[in-house]
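One structure is given here, and the rest of the page talks about it.
Should a chain be cited, it is by its letter among A, B and C, assigned in written order, with residues numbered from 1 in that chain.
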Amino acid sequence: MAHLIVECSDLVAQSLSLTELCDQLAAAMVECAIFPVAGIRVRAYQPVACAIADLDPHNGFIAMTMVVGHGRTKAELAAAGDTVFARAKASLGAWLADGYFALSLEIREIDPDLTWKANTIRPRLLAQTGKKD
Amino acid sequence: MAHLIVECSDLVAQSLSLTELCDQLAAAMVECAIFPVAGIRVRAYQPVACAIADLDPHNGFIAMTMVVGHGRTKAELAAAGDTVFARAKASLGAWLADGYFALSLEIREIDPDLTWKANTIRPRLLAQTGKKD
Amino acid sequence: MAHLIVECSDLVAQSLSLTELCDQLAAAMVECAIFPVAGIRVRAYQPVACAIADLDPHNGFIAMTMVVGHGRTKAELAAAGDTVFARAKASLGAWLADGYFALSLEIREIDPDLTWKANTIRPRLLAQTGKKD
């Protein structure tokens, strides 16, 4: 189970396709090879109001929070974060070239005793591909 | 204090009433009998973009995050999660019957040293009902 | 790095300017003097559906979650929370005067091994002000 929540301020959202960004980040998560495809859920949100840094109206941010199930080592998660963050940077080059952008990623692990899931995508993928993800 | 954040992808949101779902989940939280009614805050969000699992356009998800104050045992929280998750499954039977849905719940505890609250609903309920919740 | 996520139910959002509230809370964070200005990102969200406490239609809430990088003491964070929460209370006096409001703040620290950032606002501010923030 790997969730990726992408919060994106207005100017940044207007400058790109959030659907494409979600697709690119999901592809990066698949490449990490530690997150089963069936459990990947990338989603983006736009706040209704913001106050960023020195309040310059050109400022923008993308804040990513990856929430993952227990069971991977810290080294595996660090490598996965490197991969996803590199993909985000590649997609946001125009914003990173200027002095008005804050990009961040955090990974947070779910308490293994306090997690519940019901996933019907997994058995469908297994039936379609003949392999466990 | 018990927050429940319900993230719901578009197709799922179109297939049901999120207000009714919030009401049902809030009722389940009340039934748990460990969360004072005055502190229950269920809210739902719809992302502006998503990338789910194998990107099949039929895919949908609901991701629930319960955020609770310190002071309950892990067994109490596990039982509460069972109750809330069962209620969600009962409300989402149509989605669970097919191969395109991922439902999840996580409970996260707030650091007891880093929490602040001001709740005016509690004294109103106490005055109305004559009993502490 | 200091994020502040402000979730605000509909009636509360209709009664004030969320942009002004974000500005006030960002100013409070600056006053804390432990969060570099370049890393402050306050943002507000309105849920699409809610179920609050006893479901009285007058009920409202604001739930604030501050997410900060590692490296401050718990006493520093507690003092910062006091400052931000006091500012929120000052901005929400009308709501706090009645029996239908739940205000909360939580601070959560990011795992120092699982955090990534790229901030181009910091060098711009440094160049403009000549001082490190």
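Note that contacts are C-beta pairs under 8 Å (C-beta built on N, C-alpha and C of every residue); 3 or more make two chains touch, one makes a residue touch a chain.
Everything numeric in this text was worked out from a predicted model, so none of it was measured.
*Asks:* How would the chain A/chain B interface be labelled, same or different, where same requires over half of its residue numbers to be shared?
*Replies:* different
*Asks:* Just send me the rotation angle from a CA overlay of chain A on chain C, rounded to the nearest 5 degrees.
*Replies:* Angle of the fitting rotation, chain A to chain C: 120 degrees.
*Asks:* Using mean CA coordinates as chain centres, what's the chain A-chain B distance in Å?
*Replies:* 22
*Asks:* Out of chain C, which residues touch more than one other chain, so two or more?
*Replies:* Residues 45 of chain C each touch two or more of the other chains.
*Asks:* Which chain B residues qualify as touching chain C in the complex?
*Replies:* Answer in residue numbers: 1, 3, 5, 13, 17-19, 21-23, 25-26, 37-46, 67, 110-111, 113-121, 123-125, 127.
*Asks:* Can you list the residues on chain A that touch chain C in the complex?
*Replies:* 7, 9, 45, 47-56, 59, 61, 63, 74, 77-78, 81-82, 85, 89, 95-109
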